[in-house]
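The following blocks contain the structures, represented as structure tokens.
One chain, chain A, appears in both complexes that follow, with chain B as partner in the first and chain C in the second.
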Partner chain A sequence: MPRPPGKMPSPTALRRSSGGLRTPLSRRTLLRGGASLAGLAGLSACGAPDPNAVRYGSRSTEAIPKEAFDNVFAAFKAETGLTVDVNATDPNTYQEQINSYLQGNPDDVFAWFAGFRARFFEDVGLAAPMTHIWDEVGDNFTDAFRTACQNEAGQEIVLPFYYYPWAVFYRPSVFEANGYSIPENLSDFESLCEDMQDTGLNPIAFGAADGWPQMGTFDYLNMRINGYDFHIELMAGQQRWDSEEVKAVFEQWKDLLPYHQEGALGRTWQEAAQSLQQGESGMYVLGLFVNQQFAEGEDREDLDFFNFPEFNPSIGAGAVEAPIDGFMLRNDPENPEGADELLRFLASAQAQQIYVDTDPQIAANVETDTSGYDPLQIKSAELVANADNISQFMDRDTRPDFAATVAIPELQRFLANPEAITDITSSMQAQAESIFG
Partner chain B sequence: MSTATVTKDPEVRVAQKRKLTPTRVLLYVFLTTMAVAWLFPVFWAAYNSFRDYAYTAQNGYVSFGGFTLDNYAKAWADGNFAQLFLNSAIITIPAVIVTLFFSTMAAFVLARFSFWFNLPMLILFTAANLLPQQALLIPLFRMFREVGMLDNYLSVIVVHIAFQTGFCTFVLSNFMKALPQSLTEAALVDGASVWRQYWQIILPLCRAPLAALGVLQVTWIYNDFFWAVAFLTSGDKFPITSGLQNLRGQFFTDYNLLSAGSIMVAIPTIVIFFVLQKQFVSGLTLGADKG
Partner chain C sequence: MSTQAPSASRSATDPPPNKKLELLTGRDRAVLAIMVIIPALFVVGLVWLPALISVLLSFTRWNGIGPVSDIDFVGVQNYVDLVTIYPSFFPAVQNNLLWLVVFFFIATPLGMFMAVLLDREIRGSVFYQSALYLPVVLSLALIGFIWQLIYSNDQGLLNAVLGTQIDWFGDADINIYAVLVAASWRHVGYIMLLYLAGLKGIDPALREAAAMDGAGEARTFFSVIFPAMRPINVVVLVITVIEALRAFDIVWVINKGRNGLELLSSLTVSNVIGEASRVGFGSAIATIMLLFSLVFIVIYMISIYGERENR
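Moving on to the complex of A and B:
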């Protein structure tokens, strides 16, 4: 048979000539396809809310915090008979996803931070105020905590659970061997750094590759040089970044940079902490979580901290950076009574005690029994209890979009080129204006 | 093939006797360097996945010792890997099967019939491949929110199918065009319906490109967590790729543990590749020429 040119005729052409096609799909195939589609749809679990359960959105997926929360929720069940349905997402994804998570079908109670970073979600109606809970449990927390948990109208929107302070960490064994003493003010601090350099020690461990650790140094310098109020106003967009005050902070930082570990932009905080661990660096300005780098036991016991020293006697060293982690309440929760019950329980000394027994954080509730604390926890609690003011860390005290898109790259630019202060501060001001409006 | 037959092969014997010229030495040096450069990070991760974090923190990574298997057990338990592997299977298997099924059907019609819309359709399928997926994130998110399909595997599966069908159709239609027309003509003369021509004549011949696409699709869909993170909100529904995030803390990351997790997560794609390796290699070139 000679091969006709071109392709086969189309099925419609075929139908015209031969009077119709046979059904391409048999009934059995159709049924099979339908069944598998139904199976797919069944993958979505949908049900009416259970009145005996409270849904909780958790960002604790690591072994220790997870176990600590499990213990807390077991106690909650024993107390109230209510089950907590935990929806745990790892902390990094949780933070990146928070916007879409809250716009979807969020859990009734969800983990979040105190400070400016909480207000946005309450502002846009994704989270609800919890003044009715605070009216009952407010005495458990200091006024500094209450302020940190309020929105701009003065309503409480966050329930604090635990916190960790930022400070200057060091190895007591290194200080002892070299006869160093804890610096009280700037000149002590500078001479300590010089002593360390003389003995071949790198004075201040420093890693800026993660983007955020250097914010802690900026926060402390700003609070020590310009005071807490100025710092908070600057973070809220009410002070100018190109002001003389901010420039003074960068100038001071520039003077201290020679004492910092070189090449910080290529180093993560864990690598910087490692240099403290291995005795190459003398001090490190970081949060209490630095202790996770040190193995439990002897290694971790040889770690201590002191408050960031005073730079100006008229301002003092009363402001402490201590980010607070806590809970927020979803707007229009599915089980409002259960959610309130859970929040009330989480505010109690009992619940916070159970938590810190497993995960060595510092409980926010002042009634919590501290007898089980390790020395660093006790010291942290004292530092924060004696603080005049508590700041929350730059990325929680300012708008997240300012922290991520402006502060991180500009601070890194400063570390790469400390001479460009005027340029950096005016660029930050211009961007702050466009973000804060 | 046994080693005995290899040495008897005349060509191989010639190769063994070939003189080592300076160019050849240079070639070997270059190839060895490249191979080491590519493999080093993988072996480095594998090596450190068997070491204790406390040991490497004390002694640095350039050291020897601190060996343990704990990282694997811990990663499996802490990362909730059993559940997340299952989730990945729930997303990947239907998505790949349906994608391949749809694209073979589309490719069959586009390649074997001459409709006026064949070319525009093919252009559309190819062009849609060039569209950045991120651009569609917000409209898709809003759409799924409206119809209540957020936090549902189906939304992720459907989006994967929609995005992958274009590429598969393009590849398959090129392959099917290369198959002789006489095959289906003969079937047509014998009274085979269009479905039968597709199902019993063309599809069995597509085994090689289907295997190749299968490997690629499994790897792409399995490795993706952009859509999963966008549409799923329950931590226990996430695919395994996000399980690696479970191994990172808010601040502290045990990189040895993370290496152990990464090795485990990489295993399924490697297994799929080796199982389908033969078809994969032949499938890649099969559609390339019009035979």
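Moving on to the complex of A and C:
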């Protein structure tokens, strides 16, 4: 539903003023108390910032991530004596209102993603570079992470916290029973698909009703056929959508479509994942979150993945899609020292460890102890650590308006009518020119 | 209306209409002024001003960030883009019109028919009323989920019962009809309740008189009850048009209004709200929607005022 733009109400302020309501009081005292508390809250918002507190804008409102962050901030307080004032908004609202939030009075440190989506805000002056932090903590992250967190000028603007990879998921039991092996390149991949079809298995599970899952397939095909640099330039509006390179990606996709589950446009990713889970489909190109559709225990243990195969030996398979979640620094923070302290702490293996102990994500810091990880987490960490480049997923690597209003409908149009490649690519180019300006 | 307020005082010496105001005390006038001005300010500030700003923004290019001076004036470029390079636009116009036609010719008459049936004091009337009205009170997230269960390609009820493999939500040629069934499901209940309330207000003597004259059920309804329900009929008509133009939630829940389910409202939202701030372009779509509504508002106004003058 459309929401009026405006500053998000601060839950901390609400919590503060409702704190006095616990004991039974007469209505009048209660009102008076409420008014004075509200006044205090208003004063503290207008007056000098508390030097012992850092304001953090969070998008973690669900129980598990919230608890994980609470643990991290408790450790931060124990270590530095600084409190973190958390201003949490549910993830959808947070993302929808990010523009007005950042233009209002944003928190000093705020949750965001790596990639073009971060660069955009730094570019318009709503977020600040944090090279001074990276100079100290840079060794904690791989070079691919560093690149993903930089702006155009090569300054770091995002501090990575955790991530999840996209890959080709499959059930080892199905592969074993049929004697399938992991495909290394395109021809292996195609013959595996044919073998699956011969045994009555649908080779690739596919659901595109939500609009975004098919972006993952496009990203991988583009990175395998044209390389990481071309993909990132295309996403940034520096390459043409009606170029021969992009047409080649769609042509290749068209050749592979017969191996995909039919009727993808009416299927959600959850339903597609269930066809993998029930052994009706052999493989599924999706993010690690596919495991949500597998019951914990035996079911989930029978889930594995392999890297998207190589299509061209001169390009290889070194680029991996792994969206990174992290933090950005507000431009002109109220408490610069405190914000720096917080970012430094969040970059540490200690903080990331505390977080993933509660919320089973994969920590970005390479020093993090992986002994608590399940096999898929360990494998994800290896895949990403060995990647030459990390892409962030189409809706994070390009302008959000292009992703939402052009890429999703046009990719869906391609899936409905794969013969219309020329029409689709020229329409995408025309719209890209209008949006990127 | 407001001028009828002092009617009690104009019994003996009925003054000409232009002198009515002079009979009001200063306080009355102040109250009247406040009663007129405050709502007027609300309407101007909350309805007309934003609408006007939307129309102005539709001639600009702006990403919603930065001062107003950052807004580039681009003339009618957004409208040109809309009809030349935006493939979702014409399907959206078509779908909105289809929505209106289906509501007007199928869903609304069906709701009125249900109301007439329920008005006959049949047994279990309360149960039927609640069953039909239930869709109106359900949250839209739940409605999306219910229809997903019915229409799903692999696991859906409909395909299982019919033994078909039809991609109800995914096939861009048929999904709008599938959605219209779901939307009508909700609309029928709404109209039913409104109309039923109107029917309960009809004087039973009218029916008796009609029966006395030997009119059958159908004849009684069409020649006596329906004309007597004119005010309710107008409300139902207006609500049908409004519901068709502001249709949004159900397509948004299903697939955000894409792939055959485009609506002007969903296109506006996906362009303006959220991170994708194509404010100018989205405003252009909103302006088109405003023009559509204006057509119906004008028709409505003419019929209302025309009727008043005929009296």
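Here is the rule we use: the second predicted complex is superposed on the first by the 388 of 437 C-alpha atoms of A that agree within 3 Å, B and C clash if a C-alpha of one lies under 4 Å from a C-alpha of the other, contacts with A are read in each partner's own complex, and residues count from 1 in each chain.
Quick note on the criterion: a residue touches a chain if its C-beta (ideal position, glycine included) is under 8 Å from a C-beta of that chain, and two chains touch if they have at least 3 such contacts.
All of these numbers come straight from a predicted model, not from anything done at the bench.
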Partner chain(s) touched by A:Tyr101 [first = chain B, second = chain C, both, neither]: first
First, second, both or neither for A:Gln270, with chain B first and chain C second: first
Which of chain B and chain C A:Ile378 touches, first, second, both or neither: neither
Which of chain B and chain C A:Ala153 touches, first, second, both or neither: neither
Touching partner for A:Asp401 - first (chain B), second (chain C), both, neither: second
Partner chain in contact with A:Ala430 - chain B first, chain C second, else both or neither: second
Residues of chain A at both interfaces, chain B in one complex, chain C in the other: 3, 96, 100, 103, 274
Of all residues in chain A, those that touch chain B in their complex: 3-4, 6-11, 14, 21-25, 36, 40-41, 43-44, 58-59, 61-63, 87-93, 96-97, 100-101, 103-106, 269-270, 274, 277-278, 287, 289, 292-295, 299
Residue ranges of chain C in contact with chain A within the complex: 61, 63-66, 81, 84-88, 148, 151-155, 165, 167-172, 175, 249, 252, 254-256, 258-259, 267, 269-278, 281
Chain B - residues contacting chain A, complex: 53-54, 57-58, 60, 74, 77-78, 80, 90, 94, 112-115, 141, 145, 149-154, 157, 181-182, 184-185, 188, 193-195, 198, 229-230, 233-236, 238, 242, 245-246, 248-253, 255
Interface residues, chain A side, partner chain C - complex: 1-3, 5, 95-96, 98-100, 103, 117, 124, 126, 208-211, 263-268, 271, 274-275, 399-405, 408-410, 412-413, 416, 427, 430-431, 434-435, 437
